[in-house]
Structure formats: C-alpha cells, structure tokens
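So that you can tell them apart, the chains are marked A, B, C and D in the order they are listed, and the count of residues begins at 1 in each.
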C-alpha cells in the first residue's frame, strides 16, 4: 500500500534530490547536450513544491496531474513535455485514488511511460530516459505478478532503471540534441535516463520509509 | 634659379623621403590622431610619381598643379585636401614658368600656404602643419628681400620650418582629430608639421644639388 | 561576459518590455505566459500564424510579429524552447476562428512543446495545424538523428506563409504553402566566434583566433567541422556548395489530423537545387558580423550560384536569425515559384522586417 | 583578426560589388572614383542628396541610397574620408539640374574634402550646398576643438532631408531642413569592445573585460571616459542624461554662398531638449551588439525620457551607423516638429532602411 502522504513525500524527495543533483545532471548534459537538464528539472520541481500545498488534500490522481501540468509549463526543453506527460498520464490513470495497491503502482508507472513513448517516440537504445524507464516498468510488472511486496517490487524496479541508465553510456544517441553529435555521443551517460533513475529511486526511499 | 628639372627632382625626393618616413609619420599620428598620416602621404606621392612622366615636359606651373590634383584624389583625410591645395595653388601662381627666380620661389611657397590657410583655417599654435609653414614663408621672404641666394634662402626657410615643427610639441591641439584629446595632445610633435618640414627640406637638398 | 543587461533572470522579460514600448503600433506583449502578438489580433477571417522558440535569435521570432507575417511568437528562455502554455494561450489570443498554424523549428524540445500545445488548442475547439521547419544541411541523415534543424528557412517561411494568411488562405492552404517553403529551402551556417548565454556566463565553445566552425546550428552548438580560417571567397564557396551539392532529403514528420484529433506521420522527400531554378538567397548574420562583411559573402555566393545556372530572383541580407552576439553567417537558398514570390513580395510591417507599406 | 574578407586592399571594393549585385533595383556602384548612386539617377526636378565618409559604418552611407533618402554616397577607405573627386563625380552623376546637397559629418578630413568637391561642382555650374552634421555631445566645446563629431543624427538627417527632396523641396529648403535636423539632434555613444580596422589588423584600443568606454565616436577612437562595467539600466541612464542635460551648443560652420561662389561662416546655437518636447529616439548598435540588447537599453531610456516630460513620437532601433564589429550602442534624440515627422514618415526604399513602399 502507498498512501497519499507517501506520494506527497515522494514528490518532495524528488524535488530535494534533483536540486542536490542539479549540477550533476547539468554536467551530464554538457558534453552531449546543451548543459541545462539539471537547471530545467530543478526549476520545474521547485514550481511543483509551490503548487502542491493547494492540492495536497485532493486525491492522488489530481496531485500527480497537477505535478505534470506544472512541470509542463515550467521545465521547457525536451524533458519538460516528457516528464509533464509522465505525471499527467499517471494522474489520469489514478483518478480519485486515495491510496495505491501494487497494481495501481504498475498502472502509475506503465501509463506514465506510455505517455513518454507517445510524446517522444523513443525506441530502446536511442540513448534517452526511455532506456531507464522501459526496463523499470517490465521489472515492476514481473515483481508484482510474482506477488512481491511494494518495497521488493520497487527495489527491483530501481535496480532495472539503474542498469538501463548505465547501459546508455556506450550507446550512440539517435534522439534529442545528443543525436547531432553522432559517434561523439558515445561514452557519456544520458542525463534524462539519470533523472528518471533518481525519480524512481526517490519513490523506493519513500516506500522504504527512509 | 630653380630649373624645371630641379622641380621634378624635388618631387621625386619628396616621394622618397615620405616613403622612408612612412612609419615615423604614422607613429607620430598614432598617439594624437588615427595613425595613418604616413600611409596617406606615401600613398599620395607614389601616385604623383606615376603621374609625373605624363606632364614632365609641360611647364612648372602645370607640373605642380598636377601634383596637387593627384594628391587631392589619392591622399584623403585632412592632409589630402591641404597638401593638394598647397601644390595646386603654387602651380596656379607659377603658370607657364619654365624656371623660377627667388621671387618666384616666394610666390610658390606663399600661395601654397595661403591655400592651406583658406582650406583648413588653421591659426598659429593650433598644432598643425601651419605652425611649420608660416614661419618658413616669413623666413623665405626676409631672406630673399635680404638678397640671399637660393641655397641660403632655402636654408633659412627649412631652419624656420624645423623650429616651428619642434614648437608644436608643447602645444595643445585645437584643430583636427588631435583636438578631441584636449590636454592629452600636449607633448607630441604634430605629424603634419613634420611632413611639411620634410617636404621643404627636400627642396633645400635639391637646390644644394645633394 | 559583457552585455547590455541587468539581472540574468530578467534578461528576456526586459527585452520583451523594450520591444513592446518601442513598437506599440505593431505588437503587444503578454507576460506569464510570455508571448508577443499582433496589436490588432485577432484579425477576423484570417488564419493566425504562431511561431516561437528559445530566445537569443532576435529579431526572430518576436520581431516578425505584425501585418503580413506572424500573429504571435512565443519566446522561451535563451536557447530553451518555450512551454505549451505559452503557445496555447497565444493561440487562444490570436485565433479569429479561421484557425492557427504553428510554425515549428525542428528541435526536440520545440517539437514536443508545440505538439502538446496543439493538442490543448484542439481540445479547446481551435482548428490547428503544425508545420515543421528542418532545413539545416549540416545534418546529413534523419534516420539516426532528430533530423535536420530548423534554421534560416524559418524566416522565409514566416514571411511567405504570413503573406498568404494575410491574403486569406485557409488553414490547410497555409499549411501546404508553409510545407512547400520548407521543402524548397536549404541552409548552412558558419561561426567565427562563439556566443555567451547570459545564464552560463561563458562562451558555449572555444574557437582559436585562426579557426572557424562550419555547419553550426543557431544555439552556439559546435559545428560539423572546424577549419583554419579562410578567405571569404573560400568560405562562400564551401557554404554555397554545401547547399547546391546537397542531395535529396527524406524524413518523417508528424502533422495534426483535425478530423480524428491525432498525429499522423508523413514521409517527405525534397529534391536538390538544380540548374534553371529560381531562388531567394538569404545571407544572414549570426549577430556580431556587420552587414558589410555579409555583402562580401553575398558577392562570391552569387557568382557561384549564377555559375551553376540558377538565378537569384530575390534576396535578404542582414541579421535576422541570430545566435546572440556570435560572429558568423548563414546562407539559405529557397527555390521559388510564382506563389512563393507573390507572398514574398507582399507587404510586411513588423519590427524586424518591413516593406510594401 | 578574423573577418569575412579577402585581400585587405580589396575589402571596400568587394563589399561595394556585393551590395551592387544584391540591390540592382535600388543602387548602382561606380568604381574609380568610388560612389554608390540611385539606380534611377538623376531624378528629374529633384534636389540630389549626396553624403559620404569613411567606410566601416555600414549600412551608412551606401545602404541609405535609394528612393526617399540619399541619391549618392561616397565611401572612403575604412575610417578614412573620401576624396573630392568622388563627391565631384557623384554630384555630376546625380544632379538633375535642381542642384546637389552635400550632407557632411563633422570630421576635419570629411569637411575639407567635401568643401573642395563643392567648389569643383560649383565651378562646373552645379548648384550646390553643404550642411554639416555635428551632434556628438561627448565633445563639449567647439572653441578649442574641431567641434562636435557627426554621429547618429546623420542617419535621421539623411532620411528626413531625403524625404523632403523626394517631395520636391528646392535646394535651399532642403538645406534649411537638414540644418534644422542637425540643430535638433543630439547623440552619445558607448563601446563594450573595440573594433579592428582590416589594414591595422589589431583592435584600435584595448578595453578590459570589466570596462566600457563612454562618449566614443564612430571610428574606434577611445571615448571621453572609461568606467567599470555597469547594468544596462545604469548605462541607459548615463547616456540619456548626457543628452537631456546637455546645454546649449554654439559653433561656427561654413556654408556655400552660391551667388558669390565663396564660403560664408555662420554661427549656430542649438538649445537643450526640454520637458514637453516630442522626440524621435534612435537606439543604434555599433555593429556587434544584437538588437535584443538594444531593446533593454531602449526600455530604460524611454522610462527616463518620459519621466522628464518629453514624449517619444517615433523611434528607430538597430544597427544603422556602426563601427565595424564593435559591441556597443549609441542613443540619438531628435526634437521633432510636424515638418520633420512628415518627412520621417515618408516612404523610403533603400538597402538599409525601408518603409512606406
């Protein structure tokens, strides 16, 4: 079970983690992008933190949807609409929910990632956030079907995301700014895949009660 | 007596002297001007050298007038019309002459300098070429009235010009680009006064047969 | 970094304020969300043209808002794409009922944000279409990249499509014309210096005193290749041939299906320029290169083009799509037909481009 | 030095060639002596406006040749005044019989060469007059200097007087209007960077990364004073107040007496700007500063001007009178009356300035 309070904690953790990693994400974006991913994400989640109080006592669906709409209008760049869609879609999928069981959790992540696919049309190994998110969803589904509890399920999800993130290093980018660098994009970890990992890891910490 | 051949020699000497002193005049123009006086004068007299052969066997008046017109259309800047007028006026004053006696010589320099006054309206101590040329004319007139021969007369003329040139050093410029520097123009020798001295000195060398 | 700016966070807003007070007869500026729009918007019966992108390319896009060109422009932060709420609010403001055409430069960020805005506008019952500009021949393939970037052709497409909208073209005809202009336009850019994004405070790349970058975009990204400095004649030849010798280019773009409210993919292929073609030649400064140098570039470019049997029937020379204060230039050649020329020649009254009225 | 040029000796001629091929509908270029002239010159019955000066200020002057502005422009070498034969030949080419007005920026070299040309034209039976532009408030007195330099007001005077000539003003009325515009116009300039004259190969002055020059001319000459870098608001205030607080200015100029064929001296005094005045505000880039930064400057300048009770009734923002690639800006404020506004608003069709047609 994931409570609404935990969802709010998660989003606060994400905001904290992204501002801690603002420089790190920006540095990852510099050699293969335009060096603003950390700035974009930090700006977006700071806005989310301003917005949340006003919707804190509505349902989980609305909280996530509001998060998505806020990111959408404050992040900009490629990641803005992508993460905006991520949270808006998960919110729509969980309309009126006050708490989430493991199948709701699958719903959350699956519809979120489907949204990213529709928006950005990434394919596996394009060297994008999708390379971290796709294996994460698969792992979550398997784990839940397997009857694991929430912490176990999220642990496997995050492990898969982290592996996917690291796997972007040897890839040549075929989407986003990095793709213009051709072979010069090889050898760098994708910033978006990294922020995706951090976001999921923050949820793991939350359910672990850390 | 100054022969037409000597007038031609003079102009050739001037061309030679100005190209030797191209950098020197430009360096003088840098701190208090725009660092192009040597370039301007050298460019102008090179053109004169190209033009002269075509008029070499016309009269002295026409040779000087042609020199002036050539400088006028090739030097540019402030000194172009000034030296252009210098030679055009002297040429007009000596129309049809095949040789010059000392009174013709006074005519030459006096009308040349009158031309410069009309064109540039310099006053004494404005820190311009006029500060070298005015005392030179006065010295020439006195010496000729005094019955000196051409070499003596030109020697006194050049001495006066040199003194006038040196006297520009402590002056604050009130004409030309240098004037915008106000007091910062003090302590520098005026490039135009310097080129005027060089031009007269070349005539002295000529009459001395050097 | 030395610039005529105040606090870094205020740069874009203050520049927009300045433009608003300088040209109240032509444009108005809406803040939060930010967009520049025609002082007389909405223009009844006319399709509204909306573009936008990161700031730092001035006069594009805000400077092209006015009669005969854009109805609204949405500026993001410097070199960062704007957000969907900007385009959505702009669309609502300028839509007269005849619909809104989004003119989008092909950068992932711009594309995704404009697509989201198009969906929001559609849900609001606004007839909307979106056309992509992807004309940068410095990007070779579209299969393994995000595709050719949108550069110089954007300015020409905004002018020509804007003229058609003014003339009463409906939404689909505006979209068709805009698509044609993009298919007919090809560009290449070079940089003699980098540029400094205010928020970064230092140049986005380093370039030696004796080097230049060939095949740059418009965001201070390094180019395709770096060379020792050459004469303008040599550079003009490299640039002009990069366009003239560029082959057919195929890519898949997404356009909006209003009937079914979904994106449909279209495969588009445009053909190389060839002898006999009439072109509009656009020689652009990246911001810091004075127009005098552009004329030296134009001189040699024109010789090469005419030598290849093409003819320049119109031209534009100056700083129109820039990268802040970068020194450099770009060349865009647009194959022109009667329809394109008719709307190129049509009156335009904007802060950045004006003729015919 | 990195520029889009070939051999240094060819820079000006090749740029002129480029402009000629780019704008054959507007201008023609004559070489040796060099001058740019209206494609349709001479324009029968109309007074011909001729200006000129050193190159490096593009689009001024050659870019302002065309309908409603200059009839001819005589470019010298970079930052070096042109020679009398250029103005003389240009005058002969564009004179329709209605006479020729020389518009001369106040630099000794320009003045002396134009004066000589005026005499040559007069001897040829061409009705000629010559008006001096001396509007640079950075130069304080005229008694101990060559007087205020001609800067930004030149562009406005060429536009306004050109409009009057197009409208059929005779030579004396054109001269009177041009003189009035000069008397009503005041300017101040700043530099963030120096500029490099091709022949020199290195910047004409050195400026620290944290400094700017205040009170510069347009030839890369150092300014009146050097300051640590400030915000655009502070710089806008320094510049605007330098103009608004500038007192009455008296100087003696020479104009041509056609009846007696001689120069006559005139003492002219112009009055400070004051509350209630209507002004044309011209915010100019020195070449390397992008228009986006000019709008930030415009924003604060406008606040100060309105705060002083003056009103901006027209404006011009962009790179129009430049110093090669120098980063910096100038502000010109021109007190406007109905006559001035009428000809400011009149159509102009030149490579560098265009509206109304």
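Keep in mind that, in the parts below, a contact is a pair of C-beta atoms (placed from the backbone, for glycine too) under 8 Å apart; a residue touches a chain by one contact, two chains touch by 3 or more.
Note that the coordinates shown come from a computational prediction; the quantities given were computed from them, not determined experimentally.
Spelling it out: a chain qualifies if it touches chain A and also touches chain C; which chains qualify?
Chains that touch both chain A and chain C, as defined above, do not exist here.
Would you kindly count the fewest steps from chain A to chain B, each step being a jump to a chain that touches the current one?
3
Could you tell me the distance, in whole angstrom, between the mean C-alpha positions of chain B and chain D?
Chain centroid spacing, chain B to chain D, equals 32 Å.
With chain centres taken as the means of their Cα atoms, state the distance from chain B to chain C in Å.
Between these chains, centre-to-centre, one finds 58 Å.
Using the touch rule from the top of the page, what residues of chain A touch 2 or more other chains?
Answer for chain A, listing residues that touch two or more other chains: there are none.
Hunt down the residues of chain C that sit against at least two other chains at once, touch-wise.
Residues of chain C touching two or more partner chains: there are none.
Taking touching chains as linked, do they make an open path (line), a single closed cycle (ring), a hub with spokes (star), an all-linked set (complete), or other?
Its topology is that of a line.
Show me, using the given definition of touch, all chain pairs that touch one another.
Touch list across chains, by label: A-C, B-D, C-D.
Under the stated contact criterion, what part of chain C meets chain A in this complex?
Residue list for chain C touching chain A: 33, 76-77, 79-85, 107-109, 112-113, 115-116, 139, 144-146, 149, 199-200, 204, 217, 219, 221.
Which residues, counting only chain A, touch chain C once they are in their complex?
34-36, 39-40, 72-78, 80-82, 84-85, 119-120, 172, 174-177, 179-180, 182
Would you mind writing out the residues of chain C in touch with chain D in their complex?
2-6, 11, 14-19, 21-22, 55-56, 58-59, 63, 192-193, 209-210, 212, 229, 231-233, 235, 287-299, 302, 315, 317, 319, 322, 324-325, 327, 329, 349, 351-352, 354-357
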